[in-house]
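Order as written gives the chain letters A, B and C; numbering starts at 1 within each chain.
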Amino acid sequence: MKSYRKELWFHIPGRRAFTNITDEVERCLKDSGIREGLVLVNAMHITASVFINDDESGLHRDYDRWLEKLAPHEPVSQYLHNRTGEDNGDAHLKRQVMGREVVVAVTAGKLDFGPWEQIFYGEFDGGRKKRVLVKIIGE
Amino acid sequence: MKSYRKELWFHIPGRRAFTNITDEVERCLKDSGIREGLVLVNAMHITASVFINDDESGLHRDYDRWLEKLAPHEPVSQYLHNRTGEDNGDAHLKRQVMGREVVVAVTAGKLDFGPWEQIFYGEFDGGRKKRVLVKIIGE
Amino acid sequence: MKSYRKELWFHIPGRRAFTNITDEVERCLKDSGIREGLVLVNAMHITASVFINDDESGLHRDYDRWLEKLAPHEPVSQYLHNRTGEDNGDAHLKRQVMGREVVVAVTAGKLDFGPWEQIFYGEFDGGRKKRVLVKIIGE
């Protein structure tokens, strides 16, 4: 069994954004030399997500609006978590809806994807450097 | 390390439905000959889910009502994504709540499940052929 | 390839609670002797979750309030599932938001975590013994 590990770093200037990281994960897979196995891609921070969906800007704005409806940022006083001095209570909730991680099959050296699957980093509390972990195991 | 791959095809005639795919995944596991490892089961489409819960028809109707409340299909004009000509904006949101994939332990050649765990394909934008990927790694 | 399996048992006296299980998962990893691979941690019951987030009591109360808003326990008659004689329809919905499982990378014999990542058992229908499965594969 082979294993491979890499951290991807992101610095999203605003509070929230979705970034397509499929190419970076594919480069990791190529570097790993693994042909059959599993790739785990996870946010290493608890106010961010990694998820798979469509690379369509209208959809991304729909996600943002919808998450704001389910777990609004304002008023920040509505979250007990924010009594710690943070203002990111909403980000911890949004991240649960969108998920922490994806696991993707590796087949014949490629991400084994359907026609529209793309991997995204979802930032819900930006403005500082944060990381995604790529771990690949297989042969 | 052994690996196994199979696509399961579905054609749900209506817009939304939940289909129990546990037996099909178990057949894949048997075919694979793998006794210890992990099974990944994921929707290959971005308006569908794979999830684990109870095979109880009342619960499935509860899920459907609840997802319609969280992300209603109508009016389709509420989703920017639908400006692309699609009418499935809601389906992309519902799929995030229910999840893309499950990872299940394989122990002694079986899906290592609690008493009520069953695997479902969740369709949120049916009426055409769609796929689920089963990837198994182990020994 | 090595594999390791252990069940963790919980008995939450009330209906809902979040329990930090990171130390128990780390002990499993140490016992396994696995240095590189993947850990799967999943609820074996369908009204409970395993998820990764922050160990902060205010946040946990925020999660509880928010989940009660998204899928209230009362009135129990609002869920068709409860016609089976259960009163836990809400718990099956809450569990989908928080997720069934996490997959964590193992690197150099440790859970490969960002600074605040902790693993939680989320109970939404307590008052009886329930299990979490830890399955580790690797070398």
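Here, a residue touches a chain if its C-beta (ideal position, glycine included) is under 8 Å from a C-beta of that chain, and two chains touch if they have at least 3 such contacts.
Everything quoted here is computed from the prediction, not taken from an experiment.
Check the residue numbers that chain A and chain C use where they touch, and answer same if over half are used by both copies, otherwise different.
different
Roughly how big is the turn, in degrees to the nearest 5, that lines up chain B with chain C by CA atoms?
120
Nearest whole angstrom, what separates the Cα centre of chain A from the Cα centre of chain C?
20
Can you list every residue of chain A that touches 2 or more other chains, as numbers and ranges?
In chain A, residues 1, 38, 70, 97, 99, 103, 137 touch at least two other chains, as defined above.
For a test of understanding, state which residues of chain B touch chain C in their complex under the given definition.
Listed in rising order, the residues of chain B that touch chain C are 1, 36-38, 51-54, 56, 58-59, 61-63, 66, 70, 97-99, 102-105, 107, 112-117, 137-139.
For the complex, which residues does chain C have touching chain B?
Residue positions touching the partner: 1, 3, 5, 38, 40, 42-46, 70-71, 79-84, 89, 92-93, 95-97, 99-101, 103, 131, 133, 135, 137.
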